[in-house]
Amino acid sequence: MATCEPPPGPSLAALPSAPRATPVALWHVAAMLRVGILGASGYMGGEALRVLLDHPGAEIAWLTSRSGDAVDEVHPNLFGLGLRMIRPEEATPCDVAFLALPTAASIDAAERLLGQGAKVIDLGAAFRLKDRATWERVYQQAHPAWPLAEEAVYGISELHGPAIAKARLVANPGCFASAAILALAPLVREGLVDLGHLVVDGLSGTTGVGAELHRAAHHPEIGDNLVPYNVVGHRHTFEMEQELGLLAGREVRVHFTPTYVPIVRGILAVCHGFTARRVGRGELLELYRDFYEGQPFVLVYDRPAEAGSSWKYEPYPWVSAVAGTNYCYLGLDVDEQRGRVVAFGALDSIGKGGAHAGIENMNLMSGLERTAGLTRRGRHP
Amino acid sequence: MATCEPPPGPSLAALPSAPRATPVALWHVAAMLRVGILGASGYMGGEALRVLLDHPGAEIAWLTSRSGDAVDEVHPNLFGLGLRMIRPEEATPCDVAFLALPTAASIDAAERLLGQGAKVIDLGAAFRLKDRATWERVYQQAHPAWPLAEEAVYGISELHGPAIAKARLVANPGCFASAAILALAPLVREGLVDLGHLVVDGLSGTTGVGAELHRAAHHPEIGDNLVPYNVVGHRHTFEMEQELGLLAGREVRVHFTPTYVPIVRGILAVCHGFTARRVGRGELLELYRDFYEGQPFVLVYDRPAEAGSSWKYEPYPWVSAVAGTNYCYLGLDVDEQRGRVVAFGALDSIGKGGAHAGIENMNLMSGLERTAGLTRRGRHP
Amino acid sequence: MATCEPPPGPSLAALPSAPRATPVALWHVAAMLRVGILGASGYMGGEALRVLLDHPGAEIAWLTSRSGDAVDEVHPNLFGLGLRMIRPEEATPCDVAFLALPTAASIDAAERLLGQGAKVIDLGAAFRLKDRATWERVYQQAHPAWPLAEEAVYGISELHGPAIAKARLVANPGCFASAAILALAPLVREGLVDLGHLVVDGLSGTTGVGAELHRAAHHPEIGDNLVPYNVVGHRHTFEMEQELGLLAGREVRVHFTPTYVPIVRGILAVCHGFTARRVGRGELLELYRDFYEGQPFVLVYDRPAEAGSSWKYEPYPWVSAVAGTNYCYLGLDVDEQRGRVVAFGALDSIGKGGAHAGIENMNLMSGLERTAGLTRRGRHP
Amino acid sequence: MATCEPPPGPSLAALPSAPRATPVALWHVAAMLRVGILGASGYMGGEALRVLLDHPGAEIAWLTSRSGDAVDEVHPNLFGLGLRMIRPEEATPCDVAFLALPTAASIDAAERLLGQGAKVIDLGAAFRLKDRATWERVYQQAHPAWPLAEEAVYGISELHGPAIAKARLVANPGCFASAAILALAPLVREGLVDLGHLVVDGLSGTTGVGAELHRAAHHPEIGDNLVPYNVVGHRHTFEMEQELGLLAGREVRVHFTPTYVPIVRGILAVCHGFTARRVGRGELLELYRDFYEGQPFVLVYDRPAEAGSSWKYEPYPWVSAVAGTNYCYLGLDVDEQRGRVVAFGALDSIGKGGAHAGIENMNLMSGLERTAGLTRRGRHP
């Protein structure tokens, strides 16, 4: 084999922080984690399955669905693997379980699985809020296992990494909550913006509708259209207020409105904050880079915004680049004249805003390399 | 021919305000207006042409483009009509001229055409702002004919109808300015929201990019993507602040950020205002209906927002319904807990936000029926 | 008013054949046709309604739906008109009725309405085939009123215009049948291609799925996807074989396969014929222009195909240009080396392939100007 | 860690043929291949880079582009990796080189790199055809290094795997050639269809246009449109005829027409063959399964086509499922009445139809596991 001297510039050797396929030495001594997915027929459970099938440290123990379908009847992308789904009651003990279930079923399943010694990652909303009255009002039901909600760690690894690593139960965040919290966290922690008037417009691909048929996602209706929904009081609002309030050390008001747009995967949170003092874009980009220093999956898109730069694209995050991945792109700009910051958070609602983040949490909870199975970059185009 | 008794309900006879094809009696005595379009090879000029070809009271005098192309080389939808474009210097006098030109060329052309006695509708930005210093800063050039800017009427018919009817020169508004001003006008006039912190997120179809090729509109890049652009300081901001300031009687601050989304036609302005006092959705819908009473092209989408209504769609405006038309749909909702109104304005950037609104202005300026040529509803789906 | 001399070139005065808004003199003496639509809540009936609302010679008598919804609960584009739908049994006599119903209901309704003296245009498939055995096999039911099927005229105005003008009952063609028949008719009549091996690939926007929710049209599934369906034995095949067989004077075999593509409106039939003798593109374009001479709604897209022409677009029909209209664009090319013609037919499945063509037929049947209400060109972009 | 008994059905243990992440034992003894990409700024080279960054047995030696841009200026999905591109003349020796270059530059580069001892995979068209006269006519230039074209192995691993494994130079196939050849190969080898009249309609996502701006890919033009291009004489036709001719042992005629559709990634070849004798769908599916037995990346989509099956989707391949991957889905149906087979080939033009297939070839040429780096399934949705 020819020797091949690396040229000075582009070698990856100079890039210690770039996430890559996990070094093999970590794996060949470890047993594979045995992982179950409760509710594998929807989009969220299916995405967890897709990534886990290729994960170097995990193997599928079982998959459940109420219908007991074959996997390739509901997930055309997994055709030919011969995977079957079992009914939830047939599930056997395993190391880690993902829950992609309705709220009440999640709570039942979490109790049972934790009792069997499994670690549990709930991809739903059963354990996300820390204030019981708020949870019960927002989800319009009594919570039958509140101590679990108190125990659960809110699964944003960038904010709660050490606690996640020690947790039995992780409450994986809502997709828009992930995007907006990551986009606003540095501003809020530093107290740079008016905490009573944060405005978040959320643009969502239709994956967010879920696999159930729905008029708002019928292609003739949405294919060349924009559909606002839950325009006030969306449930993710309360997660944003909780987590940003923790960072701020006081109450925060988030004014959140989502709109479906005709892309399939990916969401964009456009977040507005009114500045308390004059700040510039450069200063804020530096703040963001510092805040997310060493985080493998949050990238601060700090491209020059000046006209005339050689940059061929708009200097803001690119939703399509994070679709299908665990990456979140952040970006921002400042209207110095009017005193406003706009911060963008782009991620995939079933990627970094869902199943992929759940797998990152599984890695942390299980002592695996945090990036295992998650390093593949998104597409271009 | 069979007689045909109207059933009690659905007859149009009960709908005096519904715009329809203009009664013929108005037209058969009038001479046809002779209309020229300067800059007919772009999307805006082409859309004006498409509608004028079917207008009952106007006929095309000439079309210009710098390249002198045949119309069907640049507009595949107008194939086979045999229309040619002339060079701008070949244009002859006419009754009404539409300008779809770069700013400096618009000013030149407006002076010349007004001097020939034509009425002029500028579809560009040359005459939209009333403050010279602001205009010159925003458009980064000296204005060589400021008295015309002072004379020009800002072409939102719902706000300036009588002045438009008497005008020689109309400055047709920017698309996002139209959408946001119409969506916010009732709130601002009534002083119901904090005028220093209006936030507008604008979602734009790619028609807004224009006919020139541009990386942000290359289908592989935008086809499954969302692209924020001009996220602070967008030029339409200053029109919003000017017109809403006039309604409020004092200075207004609009915090505006647009994003391209992969639809072709139509824009949606998502407008947030913080309420000064507690208001409910019903009260505001009534305010909006009153404000736009009798306006044929602004429709207040006052569908019930309660869960369980028989309504099959989200109770907010439908962008696809106004694409290709002169209609603007408005809608709104209120977060009473947090004190925020969200108001939506949906229109087509080259429809009610451009060429169609220009034709409405032409109708008003020329004594024609205001709705002539513009009544056709949009598509579903 | 300024005088306005027409420049030599672009005046419409030189374009006698260009369809325009119908001269008013035709209308102000005529009574308005009273028109009913049976099944107005679907996409097809809704599109007929949208165009008829703006038709200069027709007015809506009634609209029916089984659910009795208000029109703006099912058609967001017709919001605010106050139109109600009645139940089918409440329909009163009228001049012309459009049927947008399931097959069996169409047959019932046609019998009743014809008995009341109305003219009937069936937008469905009840009366399209002339061979009873074929119809009953294809539609898997006995036909309870075959004499009506024999009486019905197949509603392609370019082939059966005089018969349509005299008809009581018109069977409006299937959308792909319209596109493929118009694209292949000149070739087949002249015997230029192998009639046993015509291949038609049909690309369909999702409007063709209809308003009922369907997994294949769920945006997450189709939004970035292509979905073949009914790939052999599609019902429109039999219409193509019938009508092309009539033109050829002998049996024709059409091998037709449709695929859903993620556009909303518009279909494209890509039709392949193996040539019996050497022919060139220029010769065939001339044949097509002759064949459709004087037809207002079929345009032969005869752009130069040579590299280096000034033409900015591909020299083939443009689906988006005919969406929402009654126009059909045809185009073609020839592989002289291998002996194949490819002919394209582009139209809108509920435009020239559906409701608009039905209105054209109504105009013909009622002695109105053929183009009334239908002249508006499609959009660009 | 809890023990976790596998339930009977869905365990992967029963799935020996399912491609998975390569067992680590293969890698930790091997040196990493050093790989260069000539022309990394386009979509094809960028996709090769994206996959290679995560490949367990390869590392990037260098990347070139004529402009010398930073990678994240042209590939937003690879933001933050700090990768730079060098000018082609700075490239140093390496183990394997991918060429994503214009034809003439490819030939130059191949000669130089082979001379340095590298293995070369040309992602372009320089070495695909075996008949020099055909190549020179199709590509309209003289070939300056024809012996290399004779030496090059046509890179469809399913047909030429052993030769690829021994090759120095692989000519990676055209995307539509890959799809159509894989879809038609079993039919052609068995002589089941008329070899003079194979018809292929190709539907292409806009990635196929490439990164250069082009009017046909301007989103306002194509976003809701269908654009046929190169409708006769497309260059991939000749690859199809060459490879299918080899399988048949005699001349084959392919009648190929492509159309751009508004999806970003993925292509679908709809292939029609007239049957020589009566065959049924079941029989052909069995033939296809046999033909592709043991092939990890070609999946025969043999879902039941009968009405009433529990299958929730159309029983044909799913383009979105293979986008971004090295998988090709095949499917088919038969019109027994008219004597036609329709076979579908779905793949990604820069996946199995491009860069991913190139990496599969690299694996084969270098003695790596064939599936290394390529096992990740596509998305759903």
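By written order: A, B, C and D. Residues from 1 in each chain.
Everything below uses one rule, namely that a residue touches a chain if its C-beta (ideal position, glycine included) is under 8 Å from a C-beta of that chain, and two chains touch if they have at least 3 such contacts.
Nothing here was measured: the structure is a model prediction, and the numbers come from that model.
Chemist: With one step meaning two chains touch, work out the least steps from subunit A to subunit C.
Modeler: 1
Chemist: More C-beta pairs touching across which pair, A-D or C-D?
Modeler: A-D
Chemist: Please identify the chain with the largest separation between its CA centroid and the CA centroid of subunit B.
Modeler: Following the centroid criterion, the farthest chain would be D.
Chemist: Counting in whole Å, what is the centre-to-centre distance of subunit C and subunit D, each centre being its mean C-alpha position?
Modeler: Centre separation, subunit C to subunit D: 38 Å.
Chemist: Return the distance between the CA-based centres of subunit B and subunit D, expressed in whole Å.
Modeler: 47
Chemist: Taking the mean of the C-alpha atoms as each chain's centre, how many Å separate subunit A from subunit D?
Modeler: Computed value for the inter-centroid distance: 32 Å.
Chemist: Touching two or more other chains, which residues of subunit B qualify?
Modeler: Within subunit B, the residues that touch at least two other chains are 43, 206-207, 211, 215, 220, 223-224, 262-265, 312-313, 318, 320, 323, 381.
Chemist: Using the touch definition up top, name the residues of subunit C that touch subunit B in the complex.
Modeler: The touching residues are 1-7, 9-12, 14-15, 18, 20-21, 24-25, 27-28, 31, 33-34, 43, 46-47, 50, 53-56, 59-63, 69, 71, 73-86, 90-95, 116-118, 206-207, 211, 224, 264-265, 299, 301, 310-313, 318, 320-324, 329, 375-381.
Chemist: Along subunit B, where are the residues that touch subunit D in the complex?
Modeler: Subunit B reaches subunit D through residues 43, 205-207, 209, 211, 213-215, 217-220, 222-224, 262-264.
Chemist: Give the list of subunit C residues in touch with subunit D in this complex.
Modeler: Going through subunit C, the ones touching subunit D are 197, 199, 201, 203, 215-216, 220-221, 223-229, 231-233, 253, 255, 257, 259, 261-266, 268, 270, 272, 274, 312-314, 316, 318-320, 323, 331, 333-335, 337-338, 340, 342, 344, 346, 381.
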